[in-house]
């Protein structure tokens, strides 16, 4: 079915919940205040008016039109395929001990949570080999930002604020470049050589006394491990820069190799991803930053400390700290899930995770590259770690079906893949990462669907190009999304632009004469 | 998608959960016992072997192929349309205070639950007007059985076991006849007159000193209230029989009329249905029986009693009790839900439930009978209470589309209706009951879909007859289901009958020579 | 809407209800808790008087068992689709039909019988129906119940079979099983069925089903066995020894305790029309659709049921416990053969560890300690001279629910204790330590 | 599978990782809790050391608010489909796109602004981004923050805007707002934006947004307003008074507390490309499909984002808080205009009832008692001579979390209390009675 917009449901006077009403004494206290408010709302907001069962039905139907990882063989989100998130871990989050506690209630009444977070910090410290950990960042990119913020503070404290460059690589996640830029740095991006990673020479040429940090993903987003990584670290350290390891996706190397052995100063993990917390349509997630002892004073504040009597407390007296990056303790729910997940596996289990994920990936690599028209650029002949960025360039050349088109058609099989971050370094990319969570039969099913679509591209390209055929909607257009005259990101905007309703006149900022408008970069689309 | 059978998933060695392993000392205690078991299992059961994410995905997909009341305008299950079951009530059931308590733990540690059940009993007593209530029966039909069992015991105690007939009506739920038969009674069924209910004369003719009880639904399953009901009761009482009121569905009369005012000795309610607990694909449900003071000693045992100090206890000393009809306290989860539901509404709310349900029903009656070919037999010109049994006989006559076919096609619109119990008293029946839970717009949507299908039946009957077109599967056949050679109610039977696998030879009962086999009644199908 | 119907007031719809039958005052009920927030506060406050088995260590069983509920079971049975589905037919509710067919199929593997019903209310009802079926199949009216069976279940069975049969119960103390010779004395040409349980109400799993089957079959009677399917990872299915009808409760299979509210009954028979046509419950069969390779599910021999034939059907069928069937299916699918076997082993181990360590205190006796037990066992307080009631009270003060008082049934000061896979060795040691404190 | 790949051992896959970088020992982690049952026991035991706000009466707020969470919100965000969806595109995840579009649309109605983003991490991030956007839009670097703002949020904002802007914070005690004239002295040609909150960190809702907007606009600066949307059932949307960017946290809208873990940030602007093109977050726009009447959803002006343009995008975007957006949408749909209005009324009523009854004890002062408050207010312990720390400790012993200690920030012994719709009059009376006991 094509579920209506919520604004088309319900009728005046319907409602889904009733808030508690004030008791007479409370109403007596509040009524004069309410009456005399300077900015009391007179025109009710045009929210929908719907009964509870209709609200529920609407959202249940929308959920059924959403392809959660629980519902498919969700291995097509390379760089960040979600592994299975055990349902039991959600129950801990829903328990009142987690869901119904306030972050600022007396610490004596929060000992369970503080101990859990403290234990998880120690686990992550061991997994990274580094000294101290914060779990405050709200997601992976927020953790990268926290890292670069610590870099900035570190250099500032040492009087080296002239260091204004951050070096990263083309296959590192875009947030490395973007957060560093946000933090005020110039970005130098090293592009990959034939094996996907930059050469040592390229790094040497980029490093200088203006280098604040190297921020690098390894294995690269194409699944290749840079064997010179220790050399990279050495070179940057010699130049006085810090080395920041993006281990958002450490799925393929858990228990195999660690930031500490390589010599990094800082690393981060995505708890959604490496430690199995669910992706939730795009968050909430959680990030962990691990740092060396030297950098520990710069971690976000406060820090959980264990007193001699075994009780946990918060240390707010952190003069070098970058301060808060997120309210309170971070995304508690995901800290609880990640702690439970690691606890259920232990050291041996984590290593099995890595080994299985890598085995699955190399199995897929073989099977997928057997499909005519699909290749795996870079690092020819090498095994890959946890993922591969495939190219459908040959298929596209032959059939006119792009990777984007291919992906839309794959959706008709209840499957999904993601192409790649922009700009595409691999032509017609498809980034696939199996993780440890799928069986051989499931991987085979996925490959079989890809093979079918590749076949269709050759025999009946129109079928592929006109997909989706079994989705909830038909193919939609991108054009209206790029033009300020036609885009409508809310129903209110739609009413104003399409239904002829006049927006109200309200006071607003007028650009001073001559203020330059932003030059729009070339347009881009998501798939 | 067409989700595979679970036996086709997984592979040897896969598993979804790991049970706790014995500690060494426990293993030492148990190992000799296990080894010497007379009947230790050697051949592992052929259960599927599947990973947890695959099990989850399988069942989530099956859930998506199931049209829960939360997902549609589910007003087509007349006699027992489920009203909206507020989600908040499920949370009480999931709380450890309900889900993680043992029925036989010390009563001092179960006071919350006992108080809740006691309060709910008092609420049901007030709603029925009768004296005492049990909530032990596991569902509506089980409550009817408990009622007839009390009738039997009552007469036995009074030395009137010669009373061996139970009178019921054709529009009363089949369980009235069936449970009474199971309890050993002969059944006399009065058929409805022109207004749907039997005449007083018909009853008089049926009543005698062999009458144990009248077991009657009112309003009848076609939504007509028998105005002579008090007279019926009087006649049966005069003959020494008891009167048992089937109020499974009291949705249309809550707060309007009660068993007590009519003079009944016993009544029952379905808590799923009248008190909004969900239907759960067909249970668990719950039933409540209410009785007069005279019959209270016969109620199932034990009974919750409140001591002078306000604490609750169990009274097992009930010499006249029929005993247990269900383990422990009954279906606790649904008692909790029903208590919460009544608590949220109060007296005024319950009456609004009835009034709204009846208004909705009469609105539907008007709209549906405006569809060409659809009529509402019986009680012409009268308003109806909570439901109507429509007839599609005219449409069938004209187009060849039966009510069953019509219902299948309606499924393509994400809607469902039920025809009627068997044998059909109304030709080509469709029993529709809106309850109070749906808005006018939703009722209109349902009627519009019916109108569309009626139109299709005239213009394109093949489309209707070949439905479903948008279901998860295509039309299936009934024939194989009726023949012992071909039916297969488990995958194991399927392997034996269709895949050529030999069943094992095991010792089993052989019918003694000459033992008559059962005569099969005429075959029937569910829709 | 009133205007649309040409009606002035809702009252007009009730015209057929005589005035004398009307309630002329509002119902006397507590004031409504209109807002969800208030309702939640009220319910939390009311229910907080319960002490949960997370707060206390629970060793009560006796028909309701504290097994671990895999969270996927709760996730599936909490799905709005399954939780709220009514009686949709094969197409609308294809997923429900398939899930229930799969439940029956997995039970069939565990039980090694080809026909398993959609769940009935509970194990009590399953046993009661199994015995009535036996009378219909054999055209006889004698029922012989062998060994310890819970009082509540017996109460239900007695009431249910009363119109058609008489029951002899050959009970037993926990020390020795009922001798075969004694059973033989009560079985004869009028016997419809011999009924026995595995594990029995004292937790024993040493019933000689093969001998009982021979005994019954010899005189033309059925062997009906009540079994807890959770034991069938380690125990042979009763059908292998000759059981003709197998019945029981699926509460152990992922349903949880819910204060005794979470029960479902199963009935299993061989695929013989004499048996199948006597089942009152619904049966979902696999059937091909018009599309090759595609399957659907439909009711089998629907005319058996009271829904089709009113009083001419077998007993009756109504809303019973379908969601619990789906749940039990999920449980079996999660465990698989290996999980069920390991689970059974752990339970036997811990049960015997508990029996031995308790007996080792010298403060209690464990009658039948040499017999194999599964999950439950009797503890006799005679050596301590204490009553069961006193003992349980003292243990509860230590936040231990130390079993169920069966002294009224047994005539001795005895409690029935239950240990499952959720009780680790530390828990049992805690129990034993508390017993020493209380009884020393 | 190894054989299929012609590989002897999994180790071969790691050939590119130099030996020197390998970990040669197992990680030093606790022994695994392999079975779900054991894991559950461990987690319950660990977490049971927490005292929950169901066990204690909680009056802490300060950025995390105990509002009632309608169960439908939890039902929807607990759906496996939504909880585990990754980054499916418009067709695979049509439902997700629609739910987020509807969230943005309902927020737009509440805020009366046409553009609302998919949620960012939290209100801290939203404020920080709003202010950086102001510097980009105006090409200026001065930021003026007016009135009380939480210390933690300020910490985040300062760190975040440091590369591009300087901040002046005109703080205020709870008694009187910052005088307009003083604000005017700090606003000038270099000012990118004036930032003010509603309710502010002391719960006051009397900021004169109209005057501030005029002041800012006069010199070419923006007015940025931080608002808790739950107040907008009773308060006029800031846009009506002239706010150019409105930002805040959606934690109040059905997300629950989760120990402070449940936050999402929103940013709202008018539909002006100068503003829209500076947003870093994703925006989902409504677009027709090939079929008449059918609509789909797609990314709007995707080139703005770091996903499309790396460091050339606005700040960055990544996994943030989408599920909380869906949840907040459910919350707004359930309440509707009437519910939001009633909710606001109840909160104001109970807040002032608490302020008045506490002040009425004579044992504490409520500074600013004559100003309109929403949900939070400051209590000064000066009359009692007690420290805030002492007071809170004594109250906690009575199972009351009596607010947040703000004495470090304020320089006085003060606590910040929070009352919402979940605190009924009886709860507040309980609080007041305990305050009397503790301070008397």
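The letters A, B, C and D name the chains in turn, as written, and every chain counts its residues from 1.
Following the convention adopted for this analysis, a contact is a pair of C-beta atoms (placed from the backbone, for glycine too) under 8 Å apart; a residue touches a chain by one contact, two chains touch by 3 or more.
Predicted model only: the values in this text are computed from it and were never measured.
Set side by side, the interfaces B-C and B-D show unequal numbers of C-beta pairs in contact, with more at B-C. Separating the CA-averaged centres of chain B and chain C is a span of 19 Å.
We define each chain's centre as the mean of its Cα atoms; on that basis chain A and chain C are separated by 47 Å. Residue positions 34-38, 40, 44, 54, 68, 70-72, 74-75, 80-81, 421-422, 424 of chain C are each in touch with at least two other chains.
Contact of a single residue of chain A with at least two other chains is seen at positions 10, 14, 17-21, 52, 56, 60-61, 64, 70-71, 86-88, 90-91, 440. If the chains shown are joined wherever they touch, the resulting network links each chain directly to all the rest. Considering their complex, residues 1, 9-11, 14, 51-54, 56-57, 60-61, 64, 70-72, 84, 86-87, 414, 437-442 of chain A touch chain B. Against chain D, in their complex, chain C makes its touches with residues 35-38, 40-41, 44, 54, 68, 70-71, 75, 80, 421-422, 424.
Across the complex, chain B is touched by residues 34-38, 70-72, 74-75, 80-81 of chain D. The part of chain A that touches chain C in the complex is made up of residues 17-21, 56, 60, 86-88, 90-91.
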